[in-house]
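Each structure below appears as structure tokens.
Below are two complexes that have subunit A in common, paired first with subunit B and then with subunit C.
Up next is the complex of A and B:
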């Protein structure tokens, strides 16, 4: 099961109802939150992809369970406009080479669990930004930690937070998963 | 993001016509598009308070009634209410209403009554224009 902020039951509804309900559910969420839409309308996958594209939200993916389609969307956020502050940054390509050379490279993926589920760097660990505090004790303060998110903003914030907590070598990966061309893994079918 | 505009002309009054019109309209409205529908000639049935409760299937297609129930397709008045709730603008054609001897009171609340130019004014910079 993927952790989400809201589950919308649109099972048994025909087009255009899943879209209409999605629109309503989405307006009640905050930026960056994750919506799961459960639908049985087979056209809903294509429709929700198109809907997300024209409304500016992000379609993460769909999981099929029996005859139920579970779609995951992330509400658009303004984070793209923020200025990055953490000084230690590394480009996607450099991280890819580093992982190639050393499989034990520590990578933290601070996106939401649903974003991680559909596509992530194979040896990255999922630590959503909101849960970062609970993981601090599990990490080694002296070792290199690479932090990645979708566009480098949430990871910038996480990197600052880790540094403030006493971690010595925290590196923000830019631009992040939005332009990652290296190998990826999925934790859903 | 500036909203896209969708202009629809509804000129037929059967059940299938009604679904085509209201499905596209509600889907567009749910996608943050500004929608106006111009109801003219038989299309007026779609917003007529009484007629739209019992729109006819095309002749020989009555057996689809079961399919509509099975697919859980909402009744037309429900779709209509949903469209209005999402600010889809309904324009009733004044000329057709005069010809048919119908008053504004025969139609659902919240419609605008206007002539061809009222619709054209909205449609002139529409991104999508559809006729049903």
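Up next is the complex of A and C:
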């Protein structure tokens, strides 16, 4: 089960209905929220991908369960325009080398669970930004914590929050998963 | 304004008659780039239906009013929706019934000619995929060669001519489309012939088709001489029918030649291909009419919609038959190969009887262009 903000049932519907319904459901979501679309129309995968690209939403991936295709989309957000405030940053490549040298490097992935599911840094821990507070007690305040998201903005916000909560060595990874070229893992089939 | 339905058959007629038609193809770009309806006087314009959900205003100036307009999608639903929207704007448009799915499967029978001792030979032109198949008819009997997946088309056609299908042939193990040969043979009790070298992994009963085989259709003298002609596959076999027609399978096409790589053995089979095209075929009469199993571009169609040309003409005009230098030939057929047909491995396994996908899956495997040739 991948945690999402809304599940749309488009099973049994033929093209164009899965996209028509997706478009409608998407307009009711907030930026950054995740929509799961359940469809049985085989053509829906290629069409959703192309539709997401032309509208600026992000297509995360599709999981096949029997006859049902579960597609995951993230509503487009304006996060790219925000200014980063957390002073301690590190480039993707540097983090990659660091993980290479030490597999125990702590990486927090603060994207939504669905984004994490389709592609993440192998040892990264999934801690969606909205659930960060619940994890504060599980983490060591003295050790280095690398925070990553898609483009470095949510992680910037998370890094500030962790620092304010007393964490000493928080590092924001830039630009983040959107340009990550190192190894990745998947937690869905 | 009203929305009309157009069948794949009507579109086929327009392609063959070179009628003018404007097609608005509303599938996604990658499907559109993969394959589309083509014709000499057909103009095609692509805008995905999902970019038009808020209205068709932005494409109205692209839609002509001096020609028939057809909206096309994968299965029908989206084209119907967009056609309705255009109709609301005052346009008279049609949508393609059952979409590209129907276009992919439609066969147009064209009579090629009469046979010496009575009987006829027909070519079935699958415009949407470029597949060509054949029926030889004589005195109440019929043979089907290189049939496509939809076997009922041949069964119905034979019934309409009041003939019984007694023999079914495949010139080779196909990699671009699913053969209907086995199904036709089963439902008519006909003999199913396959080249044994292509059929080593086949899991059902068949009769081995080998050089020198002569099969008689009807009680007139229509002989099918199997001519071993490897190169596209190791077993590829050509037929000479009635000493007049050369069924060349996927070895030789009108404007191109077969590709040798669909079983992963381009380097091994390129010499066989050359031997077949440059030596064995050279020994045949120039007057034989070449009837291939594919065409690649609509320009290969004759005015009546058939795909056929004398062997002598091909020796003069087909580039693939005119490369004197062996190394250059090798380079052309192994160096610059187009992408392989969609799902070609699964299609081969289906034709061997190893897997039996359901109807929807088979249809999906076949969607797209055939890409069996090199030019």
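Everything that follows uses one rule, which is that the second predicted complex is superposed on the first by the 189 of 189 C-alpha atoms of A that agree within 3 Å, B and C clash if a C-alpha of one lies under 4 Å from a C-alpha of the other, contacts with A are read in each partner's own complex, and residues count from 1 in each chain.
In this section, contacts are C-beta pairs under 8 Å (C-beta built on N, C-alpha and C of every residue); 3 or more make two chains touch, one makes a residue touch a chain.
Worth saying up front: this structure is predicted, and the values here are computed from it rather than measured.
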Legend entry - Superposed partners subunit B and subunit C on subunit A - clash or fit: clash
Inset, instruction - Look at A:12 in the shared chain and tell me whether it touches subunit B only, subunit C only, both, or neither; answer first, second, both or neither. - result: first
Inset, instruction - Pick one for A:42: touches subunit B only (first), subunit C only (second), both, or neither. - result: second
Inset, instruction - With the two complexes superposed on chain A, say which partner A:164 touches: subunit B (first), subunit C (second), both, or neither. - result: neither
Inset, instruction - Return first, second, both or neither, reflecting whether A:23 touches subunit B, subunit C, both chains, or no partner chain. - result: both
Inset, instruction - Quick one: classify A:51 as touching subunit B (first), subunit C (second), both or neither. - result: both
Inset, instruction - Give one of first, second, both or neither to describe whether A:101 is in contact with subunit B, with subunit C, with both, or with none. - result: neither
Legend entry - Location of subunit C clashes with subunit B - one stretch out of 8-16, 80-88 or 170-178: 80-88
Inset, instruction - Residue by residue on subunit A, keep only those touching subunit B in one complex and subunit C in the other, then list them. - result: 14-17, 19-20, 23, 47, 51, 54
Inset, instruction - Spell out the part of subunit A that touches subunit B in their complex, as residue ranges. - result: 12-17, 19-20, 22-23, 47, 51, 54-56
Inset, instruction - Note which residues of subunit A are touching subunit C in the complex, please. - result: 14-17, 19-20, 23, 42-43, 46-47, 49-51, 54
Legend entry - Complex contact set, residues of subunit B against subunit A: 1, 4, 23, 26-27, 30-33, 71-74, 82, 86
Legend entry - For the subunit C and subunit A complex, residues of the former touching the latter: 28-31, 48-51, 53, 73-75, 77-78, 81, 360, 364
